[in-house]
């Protein structure tokens, strides 16, 4: 009886079913809270034509940036990109497509996708290039644009701890887009620092409920820091 | 004389009221955190999901899981809260952040702002800027009054792709404090030693000057 | 012979697969939790915000802060999670709940369901029923095949105000198991000892019978 | 310097500013997780013509039901009502208006109101009486109806613990609609079992962030149980 045990023991198993031209939602903000091992597995698999929905696209040689090396990404849906040279090069060469989406709209689109909400109105982007081609509607004298929910074939998520049922908690600001991506994957895979037994996470403190999670894998993380800024002690 | 970056930040910080939740953009806005007036307590919102952002960490406090919206290592104050991105932007879009301070390339008399895209240059994205200008209760733009060629950045109509429309009400530049209303810039304060004439010469959009315009006060 | 409430619940429980997240409505559906087949593990979702609903509490476990969607005192299993109402309905609306079982006044050949309102009687509200029928992947209706006057509840077209449209695919009554597709009810199983003729006489909407229809199996 | 201290010491102060014909969002599901003292204060104030947005309307003599006694409620926006005789009587007499809203739509409308989203599409209620007068839109071959965000003049919320900054956590299923109502009040008042110092609630475990909260008051609670069901030990 498998029951609700979501734990898998290999990255192959974790990303099984990923195929060319799929859409992947990825958690993370910059290099903070990214599913490092799952990204590495996608690189290893060599899957092509991917649409990746993620706030950023990593840096040269780390994070989602490594998927650019073999041109695995067809399109990025992001709020801020180009922190790496290879990205710029492929973009300018027309080898990579980018759909820029305001950060809050991106977060809300993931949440909506997971929550069965196909569209919502936001004032964000009204009157700007973001609004082009989008329906405008007035509520209480103000104009809003229609944005659509996003669902991915896969969601790749980095959590701090998960129990075997797939209930997750996140550490500090590594939470970011992770719980949102988790809700909106047809297959949601969570890479964690520690797997615990059911009951070790308090029911009210669980931040991603196991119902959203299909597979859990224990990873090891480099946790590279993008901008180390310190002050005198 | 035109204000330094630090002086602009100082003047920005005078806008804060006790108990304000504040979101500061990258650059000059971030510096304002260093000049919060005495007796005033504000809480910093960082849109990656942190309310109650503290100072940069000491070397031994550095934690890769604790960063700010500029992707810099950071700390949290006592009483901070941390949350996911949809919640963070619910705070912004829902108008719960009291003051947002951000930079801009151009602002016009309608309160439009252009701050994220220069055609012909590589576009990296708007990040959270469009959400911030659409949502915050009170948006302050900080920038130099003119560009390096001396051309005004306070325009009749923005020429660059917009970040938001009809949203900017207050501008703090190296030369002046201005309000935006009724299709004009209203001069409220001058930088110490800067004349109304100089400001007028560097303001393309209609500038309205009522009576004597006081100089900014710095303590 | 027509099934008892307990037998209907037993038959409903046979629909569960290992690892299913299940939401059970009030009444017969709730009873199904008592008959989950051996070797099968399911987790109960209660729409007030509990995933992993356990049995009723013992007298000394009673906690006013732990209730189910029926407002009854309840417990949570080990590994349960608790959350707010928008999250709870995100699970439902987003199609994350595998099976929903609920009662109905009427179902028709289009898969429409009426379950919340009888005109002329006081309307108390739909609670979460409309969300459940709009969102779940697999919706099972349980009810008696006919009302007290012997009139069919499996209709050509619902007469009462609807709870949802084109959403019901499977019906388990005291007489039969039926699928709804192509504008007809497809007879899949008969209650032990109940004839096809009896079922046909109590089914107003088109009934399709293919070959020998097996009797339900109970262990 | 008041700073971020949201604690008030009297119910008068907690509900100051409440006026006739205002809209109040109330947390709670049935009698579970209701702000008992704030409701009692509204009764004491005698405010009339109120629109109350709450999943239910309490029972005779307890919860929001007590506001019916002096006909303070003009309109309820709820998913399930009529668990009390007085409610039915006033409804039948036409003294009370009810707008029935599906439970998930109600929760989402509160969340949307707090998040600056004026409208969203949901399949819930399409083709039913709930859809009457509402815009219908097709996404990917399925029909959805437009529902609007709700904002209240006041939100009254029951939490377990709050710190003085207004950061809150909830106990078990008393959470329900409370964190949602908290985001959508022009003035949000939270009644809690315990007030703690900032820092005592872990940043990632806070369920309502202080930015949403205007006033915090320590209450005492009867916590009446609506349906006590037990099993043999």
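Each chain carries a letter (A, B, C and D) given by its place in the written order, and its residues are counted from 1.
Criterion: contacts are C-beta pairs under 8 Å (C-beta built on N, C-alpha and C of every residue); 3 or more make two chains touch, one makes a residue touch a chain.
Computed from a predicted structure; not experimentally measured.
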| item | value |
| --- | --- |
| Result of counting contacting C-beta pairs for A-C and A-B, higher pair | A-B |
| Centre-to-centre distance between subunit B and subunit A (centres being mean Cα positions), rounded to whole Å | 29 |
| Between subunit B and subunit C, centroid-to-centroid distance (C-alpha), Å | 55 |
| Inter-chain centre distance, subunit A versus subunit C - centres from mean C-alpha coordinates, in Å | 35 |
| For subunit A paired with subunit D, centre-to-centre distance based on mean C-alpha positions, whole Å | 32 |
| Multi-partner residues of subunit D (at least 2 other chains) | 108, 111, 115-117, 122-123, 170-172, 175, 203-204, 207 |
| For subunit C, residues contacting two or more additional chains | 50, 76, 82-83, 86, 89, 92-93, 134-135 |
| Graph class of chain-chain contacts, one of line, ring, star, complete, other | other |
| Set of all touching chain pairs, with the criterion as stated earlier | A-B, A-C, A-D, B-D, C-D |
| Of subunit A, residues touching subunit C in the complex | 1-4, 111, 113-117, 163-165, 167, 183-184, 198-199, 203-204, 206, 209-212 |
| Contact footprint of subunit B on subunit A as seen in their complex | 29-33, 55, 78-83, 88, 91-92, 100, 102-108, 110-111, 122-130, 170-180, 207, 223-233 |
| Subunit C residues within the subunit A interface of the complex | 18-19, 21, 39-41, 43, 45, 50-52, 76, 78-83, 86-87, 89-97, 134-135 |
| Subunit B residues within the subunit A interface of the complex | 46-50, 55-68, 70-74, 76, 82-86, 88-89, 92-93, 112, 117, 122-131, 134-135, 161-166 |
| Interfacial residue positions of subunit A with respect to subunit D in the complex | 108, 112, 115-123, 137, 139-140, 142, 144, 148, 169-172, 175, 203-205, 207 |
